[in-house]
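Both of the next two complexes hold subunit A, though its partner changes from subunit B to subunit C.
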Partner chain A sequence: MPQYKVYQPATYRPRMSPYWFFDRWPYLKFMIRETSSVFAAYWAVVMLAQIRSIRHGAWAYARFEHWLSNPLIIILNAVALLFVAFHAVTWFMLVPRVFVRQMTGSGAIPDELAAAPNFGAWIVASIVVGLFLVGAI
Partner chain B sequence: METSSTNAQSGAIGILDETIVLEIARFHPEKDTEPSYDSFEVPLRSDWMVLDALNYVKDHLDGSLAYRWSCRMGICGSCGMMVNGVPRLTCETLLTSVAPGPVRIGPLDHFTVVKDLVIEMDEFMGKLQKVRPWIVRKDNYQPKREFIQTPAQLEVFKQYSLCINCMLCYAACPVFGLDPSFTGPAALALAERYNLDSRDQGAAERTDILSQHDGIWDCTVIGECSEVCPKHVDPSMAIQQYKIDATKDWFKTWLMPWGNK
Partner chain C sequence: MAAHARRSNRPLGWVMFGTGGFLVAFFFPIHILLTGVLQPLGWVPTPDQHHMLTLLENPITRIYLAILLIFAFWHAGYRLRDTICDALGVRALDFPIMLVCFIGAAAGTVATLWMLLTVP
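Take a look at the complex of A and B:
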């Protein structure tokens, strides 16, 4: 123990509130990002269920579509879409934090430029899916 | 009194004929069990930093106010405090940027408070020491001259060497707040600084110490450490780089167990 602490009467050790993530928007954004992974997992399960229903034939797929048309499921999927989109954006923005140094040895590439290929690929994939849905492909 | 005469000499420059209220955290270790806030009205000047306002309080309103400061130019890293809930260097925060107030000034979050705005630093110094922040050589080679390093080799780690140990990143890190055993952003960035140094051979030694739960793997990539860093050191990036390198090293030990880490 340092000598000065012998004569130190008392100190105050702050404790964090259980609701610390409401203190500042960046912390709340972090919690939303982490929570969004639950919706990403849900989305993956829905997709697996869809593939399974395709495998079991037309009747199974019709039953799956009927389940999807439930208003509660539509609302749930809309919310899940928002969370998954947020999840994707936050992870794309981590690319400059993670890969640039590994690839270049320095942070010479601007953050926006480093993240751009992912966003570009996302837009292209969305356009392809959109064209597929309207029957253009 | 010296401050008053300096103000008088400077004439009207920076004087806005307005005042601003500072709400300053006070903790007297012989009387208090927890901090409270005292309000002080100080002149609002366009050329004043928050630190100048604290100095005004100390010189003119309450000489018992305790806080750390030294260089007044963002070099020493002493004057870090919570300004309206955000960790800032008070010598680099314009008073007008937090106007009209009131401005709430507290000690850095997550640290033990000694008095008023002064925090206990021993915990942080211990974390710095833990990461072995010096050039480690395996060969015990005693150089007769300096190690040669190219500008390109310097550039690889230079960003991480700019840390001034102001501890703002710790105050911004909820992981450190929730788990004080976390080695923390500045210390891990410093470890990465030496790992990337072409003269250093201690990366494996540091990874053994830091690739632990209270080391790099405790970081959840909130990223606020990098946002508040006044020197743009980007400790969050340093930690993520460290994670990747530690993972690669782990795989290497499995794929090439005969290899020398």
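Take a look at the complex of A and C:
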């Protein structure tokens, strides 16, 4: 007869706090990047509303502009800008991680150098789109 | 064996997510900065409706907006699904959450195409 007690071992279930992403900076960074999707969706809807107002004439466009000038909406847009810019920077910095880092036999390319073309293209794209948006082109 | 051999449809979602991620990263910041912040504050000029309509009537502008917005909606939908599951700890509800997010992205796609194809 065995001298030990027979029992069903319990399954290991680690308990996670709902605020697990505040535990470490990389977790928080991950969650900030994930949350940028909320603001990307928000801005895509705003752009649709802008297109709709442009189609519906001067009065509708003026009403859309009036809505945009609400201080709360400006603050919301500034927050959206921060999140989307964070997404952009982290997205561009992925390049050194996913592309081959050994271009020459001399060693690995520094992360910043590998991501530099992305940032350069970002600046050029922003200037071109920006000129259209302010009516300079 | 058959289960292992079955192909995943995840790469299709990843293509939409990845392309959308690039487009959102490249173009959304300048749109938000100018249209959402600096123009409402009056710090940079705001073109009138006539100018914007002329711009919108150009096929290149509409192709640009269609590609940008459609991929942005799918990028956001794909990521929002994981954000909701991770932030709220409801991974068990992954399927209905995915359904809602993807239906939202599909609705955004239809709305974008309709808006841009029916420009007066």
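Here is the rule we go by: the second predicted complex is superposed on the first by the 94 of 137 C-alpha atoms of A that agree within 3 Å, B and C clash if a C-alpha of one lies under 4 Å from a C-alpha of the other, contacts with A are read in each partner's own complex, and residues count from 1 in each chain.
Methods note: a contact is a pair of C-beta atoms (placed from the backbone, for glycine too) under 8 Å apart; a residue touches a chain by one contact, two chains touch by 3 or more.
All values reported here derive from a predicted model rather than from experimental measurement.
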- Task: Please indicate which partner A:9 is in contact with in the superposed arrangement: first for subunit B, second for subunit C, both, or neither.
- Result: first
- Would you check which partner chain A:134 touches, where first means subunit B only, second means subunit C only, and both and neither mean what they say? second
- Item | Chain touching more of subunit A, residue-wise (subunit B, subunit C) | C
- Message: Looking at A:65, would you say it contacts subunit B, subunit C, both, or neither? Reply first, second, both or neither.
- Response: second
- Which superposed partner A:87 touches (first subunit B, second subunit C, both, neither): second
- Message: Between subunit B and subunit C, whom does A:98 touch in the aligned arrangement: first, second, both, or neither?
- Response: first
- Message: On the A-aligned overlay, A:21 touches which partner chain: subunit B = first, subunit C = second, or both, or neither?
- Response: both
- Query: So which positions on subunit A get touched by both subunit B and subunit C?
  - Reply: 16, 21, 34
- Can you check the complex and tell me which residues of subunit B touch subunit A? 27, 29-30, 32-35, 85-86, 109-114, 120, 122, 155-156, 159, 174, 177-178, 220-224, 227, 234, 236-237, 240-241, 244
- Task: Using the touch rule from the top, collect the residues of subunit C that touch subunit A in their complex.
- Result: 20-22, 24-37, 39-41, 44-53, 55-56, 61, 65, 69, 72-73, 75-80, 82-83, 86-89, 104, 108, 111-112, 115-116, 118-120
- Item | subunit B partner contacts - residues on subunit A that touch it in the complex | 2, 8-14, 16, 20-21, 23-24, 26-27, 30, 34, 94, 96-98, 101-102, 105-107
- Query: For subunit A, which residues are in contact with subunit C within the complex?
  - Reply: 16, 18, 21, 31, 34-38, 40-41, 43-48, 50-55, 57-58, 60-62, 65, 68-69, 73-74, 77-78, 80-81, 84-85, 87-88, 91-92, 121-122, 125-126, 129-130, 132-135
